[in-house]
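Several structures are given next for inspection.
Consider the two complexes below, in which chain A is the common component and chain B and chain C are the respective partners.
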Partner chain A sequence: MGAARHPRGLTRLHPFTLLSIAGALPALAWIVPSPSGGLSTAAVALGLAISARAFRTAIFTAAPFWLFLLLLHDVPTTIAIGFRITTMVASFVWVVAALPPPRLVEAMVAAGWSASAAYVFAATLSAVPVLRARAGRIADAQRCRGLSPRGGPVQRLRALRALAVPLILSALHEVDERALALETRRLVPGARRTPLSPPSDHAVERVMRWALAAACVAALAWRLR
Partner chain B sequence: MTRLALERVTFRYPATEAPALVDVSLEVAAGEVVAIVGSIGAGASTLLLVAGDLAPRVVGGHLEGSVAFDGEGVRGTVLPTPWTQLSGMAFAVWDEVAFGPANLGLARDEITRRVDRAIARLGIEGLVSREPTTLSGGELQRVIIAGILAMQPGLLLLDEPTAELDPIGARSLWELVRALAREGTAILVASSDLDALPAVADRVVWLDRGRLQAIGSAALLGSEALVAASLGTTVASVWHGARLPSPYPVSVAQALQRWERR
Partner chain C sequence: MLIPVAAAISLALSAAVDAVALPLFLDTTGTILATALGGPVVGISTGVVTSAVNSLRNPTFWPFVAVQVIVALYAWMAARAGLFRSFKTAVPAGFGLGVIAAITSTPISYLVFGCTTTGGIALTTALGKALGLPPLGACFFGSFLADFGDKAVTFALVTSVLHGLPRRTAARFPWALRAIRAA
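So, the complex of A and B:
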């Protein structure tokens, strides 16, 4: 977390800038004609994922989509849609890896958002690593009880059920307790939180965000003409 | 001065027939420590949720009767599981402790002052730069309590606050509870650390299946009824086991005095 507390490289950018990049890439992937458009945006998104050491996660998450597309469509369509989906997946994986939720909350609160709204937004980003860690703990516990994730499809399905049910139930239980804890620490609707260390937002970055939005609108107008 | 007043409170959780609390009336004054004892399912945690304005407002359910808080400061509740009380929004312990005060919208200088004081009171200065998720249960419990103290609650509600602590940590916490009471904080604590309560609690409340069975001084922990319900102190239980006359002493010091007087 030390690196996240003192961000380096691209992660030094303001959280809104990171979100703008992560939003603009998928938008452009779907607007610009494929396969060249999708290929370009996917390359950029995967490059970003490499910079955040999240390349493998992005590839492994995107791979099943390619498989399903190939089963449903011909090769040109698979490539066209596949690159776009890869862009979406890689952008999301990158922003989750590069943007610590506390920084996002600080930025949103500094921008005038209510603390609870900022928390809900940031919790979406933090859910993936939290659930992954919990799934790992549950898998370890089930292994201790003799459940093996190896074997034929039936055994694997049984192992998946033994992982999924406790994962969902424990997540729901924790939601209840966390709601109480946040409430008692005054994360309530309408709370005006004091930002403790708001990220700096330089003029250059603000211009860059508007430029990204303008690029998306321009690309859309170009496609619709 | 009464800080919290519960008047004939009956509470039911959503979709349950049996009430978790039945006709409970209780007052807690500023500077007073009131301990709730009871078996599992007695309703102690529910009473804390009701007193902290978390039930039914957050957990749902139906409440009859009235709960009045004098509004001096906030109501701070420490729940029994520290892992689920993390904000999830802090890089380090200092930020975690500052989470509540920041949500109160205080000035940064005031937040810093309160957080540093709370951290010093809990003796966790050595943890301030650690990431909260890497802490042990006991360390985390102290961080969570520091986070609540930094909000300067007028009413502090503690649910099994020593469950994750080692004996030294537990002793320090009980000393802190007494110190907070001396400063005027009203404290309602549910605990199964029965041996610690005679030195901590001004009054003891015995709950059983949601009903208030008895209320009195810490000597209640040496009553025949509580000892029979396995809710007496160890000293009282030993005295009872030795078939010595009741009321039983609740602490070693009391037992020595009684023994010498025989």
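So, the complex of A and C:
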């Protein structure tokens, strides 16, 4: 899974605190009336994205939504929904940039989560690029055998089947091998593992997480009254 | 171990779709396959993991986790009914899922994103608006066009895979044999 960089600034916070912030900001963006609510949360989320050097990613991900919103809605609605979506995008982009998956896995294991549950996320993340690369190799091999991915829809669907079925079958073939490898490392249901370097979880941060949840509930109650 | 592999299949299939340039997502393939192989709990878990990992690339996928759960439950019923036994039964079942997925995703898309989830759906929603449909109707129109064919192709693909499983692998998944009515 690779060694995590030494965390700095906000990224030093416990992974659950980072996730709480990333979850609370979009929730508040939807609860607090627009446009002031959405504008405030979007500003905070974009500020966080800047701190994690993920500002450009956040802007490039959010920009198409503004275009499509303008295509489908009037300007006030575009602004209201646009700020909410920007908050959501920037918060997620920030937390992805600020929180390395191995650190999250360590925190989950330290909190008593099953090691295999924590492993599922890391295993999926690592398997996707492997399967994508294999899909490219299968496409090359099928082209050598005369497969043409062009033509009408039926021909393209046949080509898709010729590419997808070998990819899926080869992935399923690996399930046994991976399961055996995990069993030899005692990654089985019910097994407890000791994290090597669990992230420190200070009382202040635990209070902060509860305060964020309380703020969301209070904002919702205020909005519904 | 099936869950991460199935979730990765859903996310990696976009490479195959890109190669043939078809307007498909196939992002529920792993969920449907895992359900047919391991049952509803495995299928729902795969759907949740797929949405969570997909959200790391594009956070707008997360609110649609409910659709993945519905897909897993529908696939479970289809597998129990043996609808993966041939294309003749799988493709209509996939069309049915397309309608259900569109009905499920429309309120999420409308309320959370103003129907702007992906470029393609936003454009078909704009087409629905141009045809005179009300906002929610236009949103359903966009989701329906995206999901209807996609889920039928996904069901056909999963049927191909289940029938192509080597005997040794299939024997480890008794539900797969039931889904294709081989047991």
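The rule we apply is simple: the second predicted complex is superposed on the first by the 149 of 225 C-alpha atoms of A that agree within 3 Å, B and C clash if a C-alpha of one lies under 4 Å from a C-alpha of the other, contacts with A are read in each partner's own complex, and residues count from 1 in each chain.
Methods note: contacts are C-beta pairs under 8 Å (C-beta built on N, C-alpha and C of every residue); 3 or more make two chains touch, one makes a residue touch a chain.
Bear in mind that the values here come from a model prediction, so they are computed numbers and not experimental data.
Using the contact criterion defined above for the overlaid structures, shared-chain residue A:43 touches neither chain B nor chain C, since it reaches no partner.
Residue contacts after overlaying the shared chain place A:123 against chain B and chain C alike. Set against each other, chain B and chain C touch different numbers of residues in chain A, with C touching more. Using the contact criterion defined above for the overlaid structures, shared-chain residue A:184 touches chain B, although it does not reach chain C.
Contacts of A:213 after superposition: neither chain B nor chain C is touched. In the overlay built on the shared chain, the residue A:174 is in contact with chain B and with chain C.
Of the two partner chains, chain C is the only one that A:64 touches; chain B does not reach it. In the superposition on chain A, contact is made by A:102 with chain B only, not with chain C.
Shared-chain residue A:192: touches chain B; no touch with chain C.
Once the two complexes are overlaid on the shared chain, A:161 sits against chain C while remaining clear of chain B. Shared interface residues of chain A (contacting chain B in one complex, chain C in the other): 119, 123, 130, 174, 176, 178-179, 182.
Remark: chain A residues 30, 61, 64-65, 68-69, 71-73, 77-78, 81, 84-85, 88-89, 91-93, 96, 119-121, 123-125, 127-128, 130-132, 134-136, 138-139, 149, 153, 156-157, 159-161, 163-165, 167-169, 171-176, 178-179, 182 touch chain C in the complex.
Put simply, chain C touches chain A in their complex at residues 1-5, 7-9, 11-13, 15-17, 19-22, 24, 26, 29, 33, 37, 45, 49-50, 52-53, 55-56, 58-60, 62, 112-116, 119, 122, 125-126, 129, 153, 156-157, 160-161, 164-166, 169, 172.
Within the complex formed with chain A, the chain B residues making contact are 49, 52, 54, 58-59, 74-77, 79, 81, 84-92, 95, 98-108, 111, 131, 147-148, 151.
On the chain A side of its complex with chain B, the touching residues are 1, 4-5, 100-102, 105, 115, 119, 122-123, 126, 130, 174, 176-188, 191-196.
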